[in-house]
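Next, two complexes with subunit A in common: one pairs it with subunit B, the other with subunit C.
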Partner chain A sequence: MRKFLVVFSLIAVAALGVAQETVTIRLAGYSGDTPLMQDVLSRFVNGVIPGVQVVWEPITEDYLAFVLRTLSAGTAPDIIYVDLYWAKTVVETGLIQPLDEFMAASPVISREDLIPVLADAFTFDGKLYAISKDFNSLVIFYNKDMFDAMGVPYPDAGDTWATFLDKIARVSNPPEWYGASINPDAARFLPFAFAAGMPFLKDDGTAPFDLPAAKIAADWYTSFNRAGIAATSADIGVGWPGAAFIAEKAAVCIEGGWLIPPIRNENPTLNFGATFLPTVWQGGPRGNYLFTVGYGMPVNPPSGRPDLVFKVIEVLTSPEVQEYILESGHAIPSRKALLDSPFFQQLDPFALATKTVFEATGLPGTVPFTFGDVGGGNYMGVVNEALTLIMQGEATVDEAMDEAATKLNEKLGL
Partner chain B sequence: MVLVKRRSSVPADLAVVYYRGRAYQVEARWLARRRKVRKTIVYLTLFALAGVMLSPLLYAFISSFRNDPLSWPPTLTSPKLWPPNWVAAWHLGRQGGGNGWTGGWAPGRRVDLVVVFSLTPDAPEPPLPRVRILPPPYESGAPNPAPDTRAEVILLEERVVEGTKELMYQVTLRHQGTIRYPLLPLAVIGPRGSRFVRATLAPDTVSTRISGVYLTWKNIVPGAVRYIFDHYIRAWTTYKGQGGRNLFPKWILNSFVVAVLRVVITVVFTTMAGYALARLRFPGRTLLFFFIIYTMMVPGQVTYISNYLVVRDGVFGLSRLFGLKTFLNTFWALFLPGLVSTTATFMMKQFMESIPREIEEAARIDGANTFQIYTRVILPLSLPAIAAVSILTFQGSWNEFFWPMVVLTEAEKYTLPVGLNFFLHYYTSVTGSVWNMILAGTIISVLPVLLIYVVFQRYFVEGFHLSGIKQ
Partner chain C sequence: MRKRGEWVSAFVFLLPLLFTLAIAFFYAFVRTVYFSFTDYNLFRVSQFVGLKNYLALFRDSYFILGLVHSLVYAAIVTASQTFLALLLAVVVNQKIRGLTFFRAAYYVPSIASSVAITTIFIWLVNRRGTVNWLLGLVVQYWPLMITAFGIAALVQVLQVLWERRHGLPVKALDPVLLATSLLVGAVSTVILGRVGLIRSNPEVEVLIPWLTTRQTFLGIPLPLLSIMMLNIWTTTPTMMILFLAGLQDIPQELYEVADIDGATPWQKLRYVTVPALRPVMFLVITLGLIGTIQMFDQAAITAGIAPLESVITLAYYVFWAVFGTGTLPKVGMASAAALVLAMLTLIVVLLQRKVGFSERGWYS
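Our next item is the complex of A and B:
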């Protein structure tokens, strides 16, 4: 028994000793980021920052559910991803901390280094809760070969809704390929509706979908599919419009920078280009969504060393790491200075598309992809339903959009 | 069939059958044949049933070799299961890497590949097919062989077969660098308007695109083993942890260690508890037994949250003895809740009650104390029950998914089912669903349990029998 106790205490002491040498910091992110993040961590963090060992924890479940569960159980990792889409929900729990103080003390990073719209997006009540790790916005991807084959000029920044529709109609060549793959998806439709002048909510706080601007946008957005020059990804037999584009079954799709790695993986010789979303009329407004994910820190990080945790965040958002991530083609980093990166001077279609996405974010009319107190599920759910009904010809634009407004008002309790 | 009225003596070639209380004489041959037919029907039915039960596994197995497991309509064939392709893969592997089994792309090597396209006879002379060396998949971490590889295409032969013009091209690839590459992914883009006929090695994808017929090979120098088991090898090696170690074997090891430890712990505790409850007299015994039975009636979901909190706090601070703030993300979290299985205790108790008391009394007369009786008499006699409990515990631990998923957060510590779940999400977000690799991983994960089933199937049946005992 005594022998057992001696061995036992020896083990305990040894374990404590090891634990005090280096601080283990847990970083949990989307499981799809795994190869990139492991690469970045082993290159720039582990063994580089003294006394810190960052452990990567890939999350396969719904990330928001994971964050809320672990935050409330007090078992959240030291660094979490904060998606702008649900950032407000998490900030309101009061369980993640503002980073302003750390940032003020940091010689490496300040608010001025960040792209303003990204910094503003994560600011709640004047405090910054997350540092954007990368961002994305929507662009038009087009297949150059198909436009060449049909003798149609490529979509470009000067396109309006009318000229864009015309180009899609002319490039469409079913059953070989469709002009575009468009889904009844609010996350694609809403930027156009906002550009057409639809507010997020009416002044009295009710749903805006019955306004003429919303109906005009819905009519235009669904006209592609109703005219048979575009098809949903399901009709083409793939999982999402991007896959239809990669498989060369659609000449155009509306996606963000996340389409670039799959193209590189699955169809690296695809002859494609990217341009901004069309304007409502010549020189008129243009909408877009800004998608971004940031690094945040819980109020009491389990490592007990918030200073070191912030240091890791600092390194992960540093110019060197961001440049590295940019060149890997996996995401578009959040520092202003990177627009001058030599990466963007390249002429290969991947770099050009990345640059277009980068520039699209800075255009006027780009709004953060977030739904405040209304809830993205509620807001987008009714729009998705309405768009589906219109595309399938089961309701007119007027009926479907009025119905969507009524449903959202019901959900808002109005 | 001849039914014969009963006679006083039955000749050798006749047999008697009874039907509705009356005896009939029938030809023995006919009777034997009827038995055979009946047997055959029974066996065929059983085979068919087994086939139906096994078909998902079988289909998963075949699909794990297919390049496009989601293609519609589903097929049961795959180029990877077609022997001529094995031979071609062996030859190409030997040309490229000097090894017919594992292939590779070695300096100074040359690979020749024949590709045949067809065109309508009146089509004008098409340009030569284009050849592109593709980058290896990002997650493989393999270097891109494109800078060191030179490709050349020549037209070997042109002939008219059954009204179409067949063009046979030879693609020659030369390694001009100094590094050995593990993979050589290749795309050959046939002329516009042409159709693909055949190639030395069947391409992994064939798609007709606007720019021409697009053929790709994930690896043109695979070698036979790499070709056939490509998805298995990738499932095994692709996902690396920190430090570059393969995680898949680590998960198998984790699952195995956890399962074996749990079996040992369960057997030790449940045999002792079962013996005490079955044979020892002590106050509160019945109450204790009812308490154990009662805990069996609480559904596991009810205790998840409290278990999670107890594990989080390191079982009331006990974890600090080991220098851990919490048991979360450690194997302790897998053992501690459910350290003693109530079902297994119950099974043990029921089994031990069936052991004749006289044996125990004889041991007592010979001077054995209670512990000796337990170790020398009861345990050896309980081997069938122990085997059954072990197998059921092993199987339960091997397949357990929800609890490990909640408590294990680091990929290095995953057990196999959690690892497979990670696999699914990882591939879905990186490259779209790679179902063939996920299926390959699943097949690998099924193998150990399958093996145990085959070896110990007798005890499995016994286990189910025991768990069904009612007093």
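Our next item is the complex of A and C:
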């Protein structure tokens, strides 16, 4: 009996020791990523990295508000998403840590493995603050059946603003379907304005919206809805233009790779294609936005084990995981090596669209989706309002864009 | 002289509330006051800046707009919901058939989640939503409607005059005569339509952008007006329940006396019901004012679609200054705005108590 008790105690102590070694690491991300992330964590992390248990925390509130709130309260999770859109604001808090040292010591990932523009996007004052997990850019999605039905050639990479407008006008067939679903959305409009020559701010630091380039772009961007050949998603009765496209209520929408999984889930037989945004004139400039989200780590991660936290980030951005995410059609990987993945050689519409999104990112004129010190809420807010007014005929292009400039200047204290 | 034990037990029972008040209210309030005099941004060590935040507030056009909107909103919504709630309460206090159903039906908007209701409301007021569709029907068929109601009114007047001439004391809206009049109005409109004497307008698509616009009506932005209608609809029933409770307490004898004196229903409402309801009225108006001046959720949800300057309220301004701009939170400014909001609420409630309804009963 005594022998049994001794053995039992030893086993218990050993088990306790093992249990104590397991470190819990909290990873908080967009709630929409839940199925994918839970799948990835169970396949590649939990039970695979010894002594680490990663807990997924889906965030439903505004993510920036969540990050600022938890960082300032000292309750931030071990791994946070860092959206390029507001990365600078979060880095300025001084409460997320540069990853260069971890990366220098890592056999798995180095700065050279990442697509340069993605590494540069998260670099502030020479330090890398987040490792890009994936990226996206805008493309024109088009419904082939609708273009065929109306006898209109598909949108293609050779389209200019004028030919694109013409194609949308000819394919529009309301109330069956609209030529396009276009919202008064700065995140779609601004790449066109930049292509037309509008700078982010004028040389003197004031708002650029009253420049001719901005007005020309605003006039063109809103002309679809004003002519009745495009409708906003709200007018179509859905939540976003992508949903109008999936529901086959619009022949075209301007979205990124995030549209591909919902098409696969909700309308897998949709006969669609994707191409680049049109150029301003034949052979002229073309704009686009680069969207990317990375993994970042607070200065004092609650697990107290920054080394293990980085190990998890390493695994999540490893070639295996990125290949898996790519093939599930969720995102385009941030590792250079994966750009030669056989996935991109496939000919099904989902792989082709993914490839188009990837190629669009590399075109000249693509700029990171970020607003620096101005604040994306401030910058895009005034543009959204201006576009809404023009689309509804409540203000002329001149009036609305001049007013947007005045308002942004006011917010900038100029 | 109370025993010491009584004091102790009273204090023990009060302790949980006092504790939460101390943490959630007093501590938070003191910190807010402190922050309002600093340039705190959640991360930087805060510097004392004196009255700078307060001065900056009154130079910020969004703050001024929020202030005006909050006051207009509070005045209109509180007045409307109090009036409607009183009417509804008087109606459902009658002994009518299906009373329980009506009480429950009127109360449903109040218990549904504000966020869910607002989302449904956004669908209803879409440019191609139900509200515009109904308006389109009105625009299309108004000649027919006017004709039908016009004929019905004429027939009703004739019938009442006829009955009264023959010595029958009928009311102007006698239900039997009214039903006949409406039937005659409807049938003759159908006949007039068939022979082509009147016709409906061609089908039109009404596309009023209730939320995504900067249009104003009587100086009030249309989106704010939409939120007002929504809020009146959702909060009136709660107020109705309060009035209903108050109505049950009014002695029946007062109405009997009024009946003997020959009071009309309006006079009974004006001189018996309303004075007897003074304490409830104070509660309803006070709760209404506090709720409306601090309105946040509906502004926050519609701000995603409507122009910010059309829906911003003081409470939303506070949130916006912290999380809305995409830059580091301006906690100092937001704290100053929150304190202005708190002071404003207090002043408005005190003012209401002084010049409007106070909590003292009619009998005092």
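The criterion applied here is as follows: the second predicted complex is superposed on the first by the 395 of 414 C-alpha atoms of A that agree within 3 Å, B and C clash if a C-alpha of one lies under 4 Å from a C-alpha of the other, contacts with A are read in each partner's own complex, and residues count from 1 in each chain.
Going forward, contacts are C-beta pairs under 8 Å (C-beta built on N, C-alpha and C of every residue); 3 or more make two chains touch, one makes a residue touch a chain.
Keep in mind that what you see is a predicted model, and the values were worked out from it rather than measured.
> Could you check whether subunit B and subunit C clash or fit when both are placed on subunit A?
Partners clash after overlay.
> A:G237 contacts which: subunit B (first), subunit C (second), both, neither?
both
> Looking at the overlay, what does A:S72 touch: subunit B (first), subunit C (second), both, or neither?
The second partner, subunit C, only.
> In the superposed arrangement, which partner chain does A:T24 touch: subunit B (first), subunit C (second), both, or neither?
Once the two structures are laid over each other on A, A:T24 reaches no partner at all.
> Quick one: classify A:L64 as touching subunit B (first), subunit C (second), both or neither.
A:L64: touches subunit C, not subunit B.
> Per the overlay, which chain contacts more subunit A residues, subunit B or subunit C?
B
> Figure out whether A:S110 sits in contact with subunit B (first) or subunit C (second), or with both, or with neither.
neither
> For A:L41 in the superposed arrangement: first (subunit B), second (subunit C), both or neither?
In the superposed model, A:L41 contacts subunit B only, not subunit C.
> By the touch definition at the top of the document, which applies to A:T396: first (subunit B), second (subunit C), both, or neither?
A:T396 contacts neither subunit B nor subunit C.
> What is the contact status of A:G32 with respect to subunit B (first) and subunit C (second): first, second, both, or neither?
Once the two structures are laid over each other on A, A:G32 reaches subunit B alone.
> Thinking only about the overlay and not a real complex, which stretch of subunit B clashes with subunit C: 182-190, 218-226, 290-298 or 308-316?
290-298
> Where on subunit A do the contacts with subunit B and the contacts with subunit C coincide?
237
> Can you list the residues on subunit C that touch subunit A in the complex?
Within the complex, subunit C touches subunit A at residues 42-43, 61, 123, 126-129, 209, 212-215, 305, 307-309, 322-329.
> Once bound in the complex, which stretches of subunit B touch subunit A?
72, 132, 134-135, 137-139, 141, 187, 189, 207, 209-211, 214, 239-242, 308-309, 312, 321-326, 328, 405, 409-411, 421-422, 424-426, 428-433
> Which stretch or stretches of subunit A touch subunit C in the complex?
62, 64-65, 68-69, 71-72, 85-86, 89, 92-95, 184, 232, 234-237, 371, 373-379, 381, 385, 388-389, 392, 394, 410-411
> Which of the residues in subunit A end up touching subunit B in this complex?
8, 11-12, 14-16, 18-19, 26, 28, 30-32, 34-35, 38, 41-42, 46, 55-58, 60-61, 73-75, 77, 143, 145-146, 149, 176-177, 237, 239, 243, 247-248, 261-262, 264-266, 268-269, 271, 302
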